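Okay, so chain A shows up in both of these, paired with chain B first and chain C after.
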Partner chain A sequence: MTDMPNTPPADAIDYRRRQKIARIVQRLVIVVSAIVLAIYVLAPVSWLVSSAFQTEAEIVSIPPHWIPDEPTLRNFEAIFTAGDSEPVTYETRSGTDPAAGDFIPSTAKNLLPSMLNSLIVATLVVILNLLVGVPAAYAIAKIRFWGRNASVYFILITRVIPDIALVVPFFLVIRKLGMLDTLGSLVITYLAITVPFTVFIMIQYFEGLPDELDKAARVDGCSRLQALIKVFLPLSLPSLVAVVLFTFLASWNEFLLALMFTQTSASQTLPILLASFTSDFTVSFSFLNAAGVLAVVPPVIVAIVFERYIVSGLTAGAVKG
Partner chain B sequence: MARIRFTNVNKKYANGFHAVRDLNLDIEDREFIVLLGPSGCGKSTTLNMIAGLEEVSDGNLIFDEQVVNYVPPHKRDVAMVFQSYALYPHKTVYDNIGFGLRMRNVSKEEIDRRVRDAAQKLEISHLLDRRPSQLSGGQRQRVALGRAMVREPAVFLMDEPLSNLDAALRISMRAEIKELHRAMQTTFVYVTHDQAEALTLADRIVVMNDGVVQQIGTPDDIYERPANTFVASFLGSPPINYFDGVLEVGPDDRMSFIRDGLRLALPAAHAARLKGQDGRAVRLGIRAEDVAEGPAELEVNALSGTVNSVLPVGSDQYLGMDFGGEELFFRVGKDLRHAFGEEITLAVDLNRLHIFDRETGQSLIWNAV
Partner chain C sequence: MLFLAPVMVVLGAVAVFPILYSLYISFFSVKLTRPNRTPFVGLKNYTDLLGDAAFWSAVWRTVSFSLVSVSAIAVIALLVSLLLNQEFRGRRILSTILLVPWAIPYVANALMWKWIYDSSYGALNGLLYQLDFIDKYMVWLGDQDKTLFLIANAFVWKEVPLATILLLVSLKSIPADLYSAARVDGATVWQRFVHVTLPAMKPGFMLVMIYETMMAIRHFDLFFVLTEGGPGSASHVLSWHIYVETFRNLSFGSGAAMSYLLAIATFALSYLFIRTLGRKL
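And then the complex of A and B:
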């Protein structure tokens, strides 16, 4: 055996070193991009939360205080006592100091009721979505019937039309039904928008589950509905969670239709009310931000509860088709 | 108790595909029936119709005396084992096996007794707490069998249950399924495309092709007396050899098969069935194993040709032989060594010849029985 040279010739390219540098550069790029993206996403939310605990004067100070000098719960207190105090009007405003934030919007007392409205609407939309969308998706995915493909396309086509184009027809129908300014009008129209998404996601998932599972369940003594409930639903938990999150958030955040169909506190949802705070003769940023923090709490709770399923749920629906 | 009868049953799908045509089949109580055929021949569709998973388009499906065309699967007393096992991934082995009983409101104690009993028989007692994903293929297969067994159904359906197992396991599971049938004393309907499975398991085999039943009979009937060239070709390894020729009554009044220089004298029993067919163009079938080596005793059964391939398969060897431009395959013992290009003469077992109509492929000897 001949001896192998221990050192490479001087003019040889050191691939090992190159690879090492490339790896470091690659890692650096990923870390920097991640940090930039994180700042981009988190900064507005951080400011919302931070400013909710600041006084009006501190909010408008320059440079801004990311961490409040004197954290205060006054803004939240104002929200929960908004009904008791006299709202500031054009006539009475001279008695207050806008810079100190000692005023609250005229519609402030509707904040908590509107939150309840939002919660009722979102919850109903989620429940009805599951009741309507899941059996529909199961039928389309697992039962061969005449017009099956046509119905899939029909459902999907409703998603192609932008919501703004639906506003006028929706409005006419809702008015004809005498449902203007009711929560029912929101539930119905939100369902029209979210059910196609639910059906689509669930079809994708159910089609990925083997037909033989369905057959086995039915031979084992399940009716179609029992096969869906006892075998398919437990297996499709990730997709169900994705559907619940999507429909809850879509209903919670929806603005356009709610703006059209609601007029009073009986049916106004949170986004409408928050927007109304900016239409007073003056804006209280501290109050608005505190309300904003309250508005994101329910979706965040829902997201945290279902967090471990979110990723697998969204990919599970996306892999096929 | 379950006797299953198909009377003129047809299955047409919405897309126009005619999966099963005019099926007439009478399955006796406690019989082991195997539906055999290539993919797409309609055998699984037939099984699904028995299970109630596919609707009968036309004709009647009768369990004992009751027409069950529209009875949903969960109201039929059938259990089924699937090719992919179809175990419920989210349930433990115990719950998988007990699921069918729970759906039928059997008491908890009874479920427990039956599940443990079945698990013991199938030697999977130690796996009851696991989930399907933690099991090997063979173990999953046993769980699937257990799930069907505990139901104690009137009809036991199996859709290619062994095709996902490796060769050794498949053979041992075959024996177990046969034993299961003996122990359960219930009607078994088994679908496969594997001839060896069909021949070892069945009381009777139903050979299907393109949705049409080709032949129904015992394994011996199907193998020894195939009704047509499809059945003859589908069973046997290497497959049966065919060559075309004509029938001719010789000067000695014996009927023979004639082709070029070849003359094979047909035995009296065959000749009697072919009476009056002198001069008819036919297709001759010789199964690969129906030849013997060494010089033919008489000229009447000798087949000569050139060896053009030798494939040893352990127990014996396959010989590829060129016979007047036709490629024939025979199975012979391995005592004699053969070489490429060698001229050989094989003695044909005349009693085991098959003669088919050249146009229709129907047997001219066995259809007349």
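And then the complex of A and C:
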């Protein structure tokens, strides 16, 4: 160490400075891209929310008001009180200025019932998924039997069938059974798009639990069913939560099948009603946006509250974890 | 065995039976406009389709929509996953808000973008106008040359979060030693990215591409709400074509034939998907 020079060689200074600059640049890139990403994700939603709190007069201003001058709850009020208002007739409708587009459709009163429909369907689909999917996943993960691999592939194949390919046969069968326009038709057909995913996630979770648990439970005299209920279910709570969330969101958001099978407010789900508003050019924009906000809020709250479960479930559901 | 029975019955009834029944229907001429006569026509529904120019242009539009969407999803999700793989303050909040587009229903997503693209009062016009990029409000969804791209944009916005989460898994699975080893060997940041990161992400990347392609090919909701296949036939994609043929022309036979072709295309594509997923179980 004696011949170490007092001053470092010039290229070492240069190297250190370059490293420092590189670090600053790296931080800068990260901060800028984080901001860009946040804007990309949040800006469209914020505009929807902002519009929902504007009056119809304000919403048609050019250029748009990004933040409402006089925020109003009028649009939400219209939705929640739509049940009491008089039915829209030609007379009452032509009484308002059509050019203002300040029109709340008479089907607005179906909005809350359609949310209830969505809720009922989603809940039933979740329950059926758990009843049907969890035992199957346990069997595939923990019991060695002939045809196990075939069952895995069978379930995977059903997972990739496009929903649109099921529409025609479903429609003909459901019509024959006289089940058009019932919530039951939705519950049954939604099983096709949710059960394969449920089984798939649960298999992976059960495989991660040691086989010894199963053996120990069996030695203690548990039947297979008892082993599943008493030993495995309590341990697999996180993945059960994930399964419940996915199934619920998938049913809540589903559109194509509901479009085919529902006709009246007896079975129309929220997406159907929402879509019917958008195809009516006379419907007030601010009302439309308020309805959109109502459809967005429940799933977004669920996603944010249960973020951890959702991310772990999504990763288990698709890629090698 | 009793455990497996319910799933087999349910999936048999709601997945296998319909797909086989659909094949059966596709050999008949089933029109709800004349419900009592459904003659067997063999492969005629299929041969008619193959000779139908409208069908082929719908296929072509589906292919372009999928190509544009999936490549945009791949690039954006790659960048976002690289960002979220870094340690920085606010990373957790950012990953949480990233779930917002994933969670909202497709119909609400469509409603939101329809309002953004609105030619009279929409945010896109407002923003571009205020930034002086345009000097008067423009037509967006109503412009044949732009429609497909604008719908793809709404699709990409909603699909990027899932793709990002999936890519993050493969990023996180890269052992840190690989990077230190590369650094010792004097690899630059770019070289480390190309020779360590990218190869390690390949399986995850493949899965994302296949999955998103399957989703893009079958996608329907945005087309229904945003354009109904229009303007003209600019966004008349295959899924919309199936819908129109089946539920507006009430021609269930050819609707079934078309959806069958779509299912076969998906199966061919998902062969890899199934094999990758099946291997790990």
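Observations on the model:
Operating definition for what follows: the second predicted complex is superposed on the first by the 284 of 321 C-alpha atoms of A that agree within 3 Å, B and C clash if a C-alpha of one lies under 4 Å from a C-alpha of the other, contacts with A are read in each partner's own complex, and residues count from 1 in each chain.
Just so it is clear, a contact is a pair of C-beta atoms (placed from the backbone, for glycine too) under 8 Å apart; a residue touches a chain by one contact, two chains touch by 3 or more.
Bear in mind the structure is a predicted one, so any value in this text is a computation, not a measurement.
Once the complexes are laid over each other on chain A, chain B and chain C both fit without any clash. More residues of chain A lie in touch with C than with the remaining chain of the pair chain B and chain C. In the superposition on chain A, A:249 makes contact with chain C only, not with chain B. By the touch criterion stated above, A:157 is placed in contact with chain C alone, chain B being left untouched.
Touch criterion met: A:220 reaches chain B, while chain C stays clear of it. Within the superposed three-chain model, A:231 lies in touch with chain B and out of touch with chain C [touch as defined at top]. Contacts of A:165 after superposition on the shared chain: chain C is touched, whereas chain B is not. Between chain B and chain C the least C-alpha distance in the superposed model amounts to 15 Å. In the superposition on chain A, the residues of chain A contacted by chain B and by chain C overlap at 145.
Within the complex formed with chain B, the residues of chain A that make contact are 144-146, 210, 212-213, 215-223, 226, 230-231, 234-235. Residues 27, 30-31, 33-34, 37-38, 40-42, 44-45, 47-48, 51, 59-64, 128, 131-133, 135-136, 138-140, 143, 145, 149, 151-158, 160-173, 188-189, 191-192, 195-196, 199-200, 203-204, 207, 224, 228, 249, 252-253, 255-256, 259-260, 270-271, 274-275, 277-279, 285, 288-289, 291-292, 295-296, 299-300, 302-304, 307, 310-311, 314-315, 318-321 of chain A are the ones touching chain C in the complex.
Against chain A, in their complex, chain C makes its touches with residues 1-4, 6-8, 10-11, 14-19, 21-22, 25, 30, 79-80, 83, 86, 88, 90-91, 94-108, 110-116, 118, 120-123, 126, 129-130, 137, 157, 161-162, 165-166, 168-170, 173, 203-204, 207, 211, 214, 217-218, 220-221, 224-225, 228, 239, 242-243, 246-247, 252, 255-256, 259-260, 262-263, 266-267, 270, 273-274, 276-278, 280-281.
Residues 13-14, 48, 51-53, 72-74, 78-80, 82-84, 86-90, 99-100, 103-104, 147, 151, 157 of chain B are the ones that touch chain A when the two sit in their complex.
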